[in-house]
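I am attaching a structure below and will ask some questions about it afterwards.
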Amino acid sequence: MSVIGRRGVHYLQKLKAANIPAELIEKGQNRVIDASLTLIRERAKLKGELVRALGGVKASSTLLGVPLGHNSSFLQGPAFAPPRIREAIWCGSTNSTTEEGKELNDPRILTDVGDVPVQEIRDCGVDDDRLMNVISESVKLVMEQDPLRPLVLGGDHSISFPVVRAVSEKLGGPVDILHLDAHPDIYHAFEGNIYSHASSFARIMEGGYARRLLQVGIRSITKEGREQGKRFGVEQFEMRTFSRDRQLLENLKLGEGVKGVYISIDVDCLDPAFAPGVSHIEPGEEF
Amino acid sequence: MSVIGRRGVHYLQKLKAANIPAELIEKGQNRVIDASLTLIRERAKLKGELVRALGGVKASSTLLGVPLGHNSSFLQGPAFAPPRIREAIWCGSTNSTTEEGKELNDPRILTDVGDVPVQEIRDCGVDDDRLMNVISESVKLVMEQDPLRPLVLGGDHSISFPVVRAVSEKLGGPVDILHLDAHPDIYHAFEGNIYSHASSFARIMEGGYARRLLQVGIRSITKEGREQGKRFGVEQFEMRTFSRDRQLLENLKLGEGVKGVYISIDVDCLDPAFAPGVSHIEPGEEF
Amino acid sequence: MSVIGRRGVHYLQKLKAANIPAELIEKGQNRVIDASLTLIRERAKLKGELVRALGGVKASSTLLGVPLGHNSSFLQGPAFAPPRIREAIWCGSTNSTTEEGKELNDPRILTDVGDVPVQEIRDCGVDDDRLMNVISESVKLVMEQDPLRPLVLGGDHSISFPVVRAVSEKLGGPVDILHLDAHPDIYHAFEGNIYSHASSFARIMEGGYARRLLQVGIRSITKEGREQGKRFGVEQFEMRTFSRDRQLLENLKLGEGVKGVYISIDVDCLDPAFAPGVSHIEPGEEF
Amino acid sequence: MSVIGRRGVHYLQKLKAANIPAELIEKGQNRVIDASLTLIRERAKLKGELVRALGGVKASSTLLGVPLGHNSSFLQGPAFAPPRIREAIWCGSTNSTTEEGKELNDPRILTDVGDVPVQEIRDCGVDDDRLMNVISESVKLVMEQDPLRPLVLGGDHSISFPVVRAVSEKLGGPVDILHLDAHPDIYHAFEGNIYSHASSFARIMEGGYARRLLQVGIRSITKEGREQGKRFGVEQFEMRTFSRDRQLLENLKLGEGVKGVYISIDVDCLDPAFAPGVSHIEPGEEF
Amino acid sequence: MSVIGRRGVHYLQKLKAANIPAELIEKGQNRVIDASLTLIRERAKLKGELVRALGGVKASSTLLGVPLGHNSSFLQGPAFAPPRIREAIWCGSTNSTTEEGKELNDPRILTDVGDVPVQEIRDCGVDDDRLMNVISESVKLVMEQDPLRPLVLGGDHSISFPVVRAVSEKLGGPVDILHLDAHPDIYHAFEGNIYSHASSFARIMEGGYARRLLQVGIRSITKEGREQGKRFGVEQFEMRTFSRDRQLLENLKLGEGVKGVYISIDVDCLDPAFAPGVSHIEPGEEF
Amino acid sequence: MSVIGRRGVHYLQKLKAANIPAELIEKGQNRVIDASLTLIRERAKLKGELVRALGGVKASSTLLGVPLGHNSSFLQGPAFAPPRIREAIWCGSTNSTTEEGKELNDPRILTDVGDVPVQEIRDCGVDDDRLMNVISESVKLVMEQDPLRPLVLGGDHSISFPVVRAVSEKLGGPVDILHLDAHPDIYHAFEGNIYSHASSFARIMEGGYARRLLQVGIRSITKEGREQGKRFGVEQFEMRTFSRDRQLLENLKLGEGVKGVYISIDVDCLDPAFAPGVSHIEPGEEF
């Protein structure tokens, strides 16, 4: 499993020390960010035009890759994940008809606007505050092209914060979240990092971007995980009591009275036997 | 071993059949191409500004990734290669001092302007004619930011054509090429594809972008490979006569009287024992 | 995973172009086919004599390998499968007592007549029409040696057609088939190939070799798959309604009023977590 | 790495104990052996007819597989090797032109008569004495079809004895042998097995099938290996003195005054870095 | 998968043959055994002192590794297992809080006294009779340091005999055993070895170290396995009747009226999909 | 690739914070250290007695494993290496005769005194100062048993310091060192660790344990590496000038006038193609 380091930022820090004007750097970074967002806007616009020209569709799932891995506390392979997920979707070993008979190669069902250029932005010395804004803005650009609906491919779980923030701000109010995961990802900060993949749902709840947060599949939770859950009113369902909670979960009515429902899936919600490359392994899966 | 298919173009073909106006599609594609080039220009400009502000350097090697794999006739993993190569460069298992004492983490030695978004451009239905132009333009944008010098990371070997074309056009005349490879890559076309990884050097020679082409390390060459070599005046050195040619090769003087020297390395020039993931395996390496 | 190409036939095509008399080739091919069948007959006869001399057994499962992979539309590893399956049966990691207490190393329980030499026959330029006949004849030769009962090891799923045809013709009437698979394998033709692994059950139903065909475990079925199912009266049980169908399936009474029951297992009926090398992956297994 | 056991013979031993008439078994075995040889004869005959009809060739390399692994004292994977070697020859990653410009898909250059059905013969209870005869007879059947010349694919190295015996008997006198290997394979017997892969060249020398035996590349030789070498007049060249012996070896004139030259290659003559799956690893290769 | 041979003892046998005084060898071996046990005693004593100084704990799980693999009849990797298991416990991919909220890095919950130096003792020529005594003594040394409770890490399953013997002798009477395994491990001897991993529970029952033995999860049992089960009054629960036995098993009351309960887990009780490196594979797991 | 963390010490730090008397801990640690050294002494003594009883040998290579990995700055697999190296030595794929005809299974050629229990000592909270002393003492205990000569199996390269110190102190003066490595391992400290695997030869030179230090095979050396080399008079031979230095190296006369010669081999001196699991990869090997 690949391990990429926390590179990229240090160039700029060294350059500052060598008395490079901060303004020169910041202006260049802003131009790179603007061009990145322009590119995503144009790709979304083209795909939106095509789907609208085809006509007759209310929502088209639209892939948006966020190849970000540096906020994971262990393996950082998710930085490489989006092209791998697309490869699996289009791999010759399957046909493109879903179980319910939909054709994935019809752009009214599935389109793709490509990746946010996360690694290049970081390599230009952009810090996580601004990077998270770029991710949020990218999600909004997709949502502006009706009927496209973003289906975001991570990346480590830290991206859920900027993605949910964008969805909530664009829809104009909080959403309900169904969160399938072996961990609650709700530490205030992990190893000092407030943007850690283990803290994204703390940021979401603090920001008021979610009305209900249902966490299903938890097998590894610490004292802080439980306390943060109580503090934010999170509904935490652990696997060890799954058979007791099953009926309740099968009759969930999410989204009534709010602007939408957001589903967040961490592949470690699956047993490692079924997801052997996952970083944070927790045997005992949900289903 | 990863195998990604020749997807992306077929959306557009289907859309045309459904009477989508061709103009709508083409205008959208052009906007995407423009935004892609703008983004590369801005990244190159920021890196150029930084290196110039640091001062005192005549040439800074600048990584430019071209993640293109669909012109390979067998495995298409090179579409994933550039992030993997960067990972190997910065991996914690090595320090960043070269054998000659240069520090790779000094931007005056090595900078990076990221990848050309090849997969996203193809997914917008852009064909190979225009894609090859995007690659050439991207190389020129890097060369415009003196003292940056492009060190292009493939991608399958079909990218050598647009890259050498850009270098030659920017410098204002043909270059000399040292080409390390197990194959001559000089078919007129391979399986009908004139942009095949097996045809890139035919395109280069036809275009007059090279004065001398030295191919070193060849272990697999067909009759057509030899005939094309003669037709274009290529100097082909096969491994089976390497000991005879060694002294000549060690005293080469390339580049005199032309605008520059271009070096093109196909990793299959190495024996598969030293490059185990290579697609087109040819035992018996150069060195 | 191994990928072998569609070789073998092209020698003969080239030879015809070079004015080799077709009669010479066809006579040679027929001698090779005759000798292949003679060899299977003699191996079956020896094993039959042994089991009869031991006495007291009504049916002895008899392995017959059919190492054929070229009718698979993706990976073609099944061409190597029969020796691997035997290796797994006899591997030192298990003892040879079954869950029900039978001893696999007693020839009255399990014998083996080896493989049909599929690759050699194809390399002699024999086409699929005649190859399918060789497979059918081989199955019949085993059935002639009472009490041997063929337990056929594939090979891709295209072999089910010649095998079921042989069983039905030898028994003198149609059989009932229990077919465990993630796919219905009932296209009229797949990529133009009527002998495709995705078409074998269309050939079986057209030929009248089955009275009832029960397909259990289906997770990937297209519109054509459903239409062909209706056309032939196939009973298709999909995994998404498995809990509803469970009781019916557990009380099946197959084989009453027909000559026999044939069971056909595609390993992709298992979830890929339990059969990781399978070519056409469809998560969500039967049991 | 695959490990197949020494199965096959025990059925017959058990059957004898149960008073099955030995004559019944032996007659059946002989019929199986006869049919096996008939099949090889017919395949060779068809290929010989084709090559002769094409005309103009003095020798056509003819693949003959011998999938035998039970005489290896460690890993027994060579029992699966011949189909894997063919897969590598025809794999899409290479073209079919050799370094010297020959076309491998021209049957005047390369034909194939398939495998000796070693596993099936053993499963019928045939012992190694008779199995070695079947291998010798198979080689002779290929040689009878002029201009076919056997290029035998092992199998473990025990097959060299029956193959060289056949070549010598067919040619009418001893041959010279160039033997590339990390070991001399010349024990009188290894672990009591006179047909061991470590004893084949003792059998060859005892039988008078070779005039000169040159063993090149030896890195692992015991006292018995050296004594047997002296006893039979073997010319043993060890890697540790390779630079001293190099000139002599590059000017070898084998075959003068004898009926032919036989070349025997054990892949462990290569360093394990270049042949990673080899069973008996001996670092330090020949070339 | 690693395969280590049955080495170690042969040095001493050879030395005896060369007239080394047996007394010299035996005295040296005894000094090595004494020093080995002293080292375990001191490590246990230090850990016991620490836990007692921390106070307030009735039982502290204490890892004791027994890296023994030579009594396995197939793969012998368990000889390397204890350091690998510790690596998995402390691996950065998990936090150290258990599902029930216990902190594994609190020594009152988990301590470690390291491994019995099994390989070194065997290399000194100590036979299995005395080696089994060393293992038993090591377990007792841990139990003497109240509140330490041994959690023994194998090692192949042959170690259960000396471990259970020690526990029973130290507690002063038989225990009840819950044994989770795919096999009953109760042959009188396997391949002539009374200390085989397939015979450990025969030794335990003969010695009177267990009152009740419940074997749960059995998928592979021979006639001898069932007969030995009856002879010793073992309660054998096979997977094929698991749903029938489930309620009984969920209401077990082990340990009443005896000195303690011992739980023995063979990882092959899990389906090979969940424990892919296991040696003796038996699909169909317990839970 | 295995990654074990820097565990073990933190237990004791926590215990101190909880007011456990430091004296109690230190006395327990000393008892564990004493028992560890006693065990090594007894194993060495037994092996020494045996070799002396066999008679007629001046030096017997004696394996001593030091499974220490925590001083590596990247992968820490060397903590598991000694049992793996022994497995490779005794693996059934090779015979035990060396190229020069010596029999490895004769204890006069090769004996084994097992491993220093590094992990257990660290888990008792012993710091690196004292651990390095335990390693030095262990080496001396082996040297006291004439004619045993330690052949130390690492472990990361940090162990060279305590091993060379022991050899020098026991012999009574400095030694000459031939050091084969891709790196000079001579930083004053690496990431603040003076016992780092990258600093061991700085410690050796400071202590005066070596007269000459020849470093051969260097491919990765920083400015500090060169400066430390000059400061200590190290003879550094880099691979890039190997052909120039070859003759000098082939005529080395080490050891004249000093007490002995020590050879230290880092497997990364080999090209990663020949040592694929090595942590710090530096292509381009020595030989």
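Here are some notes:
Lettered A, B, C, D, E and F in written order, each chain numbered from 1.
Here, a contact is a pair of C-beta atoms (placed from the backbone, for glycine too) under 8 Å apart; a residue touches a chain by one contact, two chains touch by 3 or more.
Not measured: the values here are computed from a predicted model.
Minimum number of contact steps separating subunit B from subunit D: 1. Both subunit B and subunit C are touched by A, D.
Taking C-E and A-B together, the chain pair joined by more C-beta contacts is A-B.
The equivalent interface to B-D, defined as the listed pair sharing over half of its contact pairs by residue number with it, is D-F out of D-F, E-F or A-B. Fitting subunit E to subunit F on Cα positions gives a rotation angle of 180°, stated in steps of 5.
Homomeric contact subunit A/subunit C is classed as different-residue, with under half of its interface positions used by both copies. Look at where the CA atoms of subunit B average out and do the same for subunit F: the two points lie 45 Å apart. Once the centre of each chain is set as its mean CA position, subunit A and subunit D turn out to be 59 Å apart.
Mean C-alpha position of subunit A lies 47 Å from that of subunit F.
Annotation for subunit F: residues touching 2 or more other chains are 92, 273.
The touch graph of the protein chains shown belongs to none of the named shapes.
Counting only pairs that meet the touch rule, the chains in contact are A-B, A-C, A-E, B-D, B-F, C-D, C-E, D-F, E-F. The touching residues of subunit F, counted against subunit B in their complex, run 73-75, 219-223, 238, 240, 271, 273, 279-283.
Contact residues of subunit F toward subunit E in the complex are 2-5, 7, 10-11, 14-15, 18, 20-21, 24-25, 28-29, 31-32, 34-36, 38-39, 41-43, 45-47, 49-50, 53-54, 67, 79-80, 83-84, 86-87, 90-92, 105, 107, 112-115, 117, 119-120, 123-124. Put simply, subunit F touches subunit D in their complex at residues 92-95, 97, 99, 101, 273-274.
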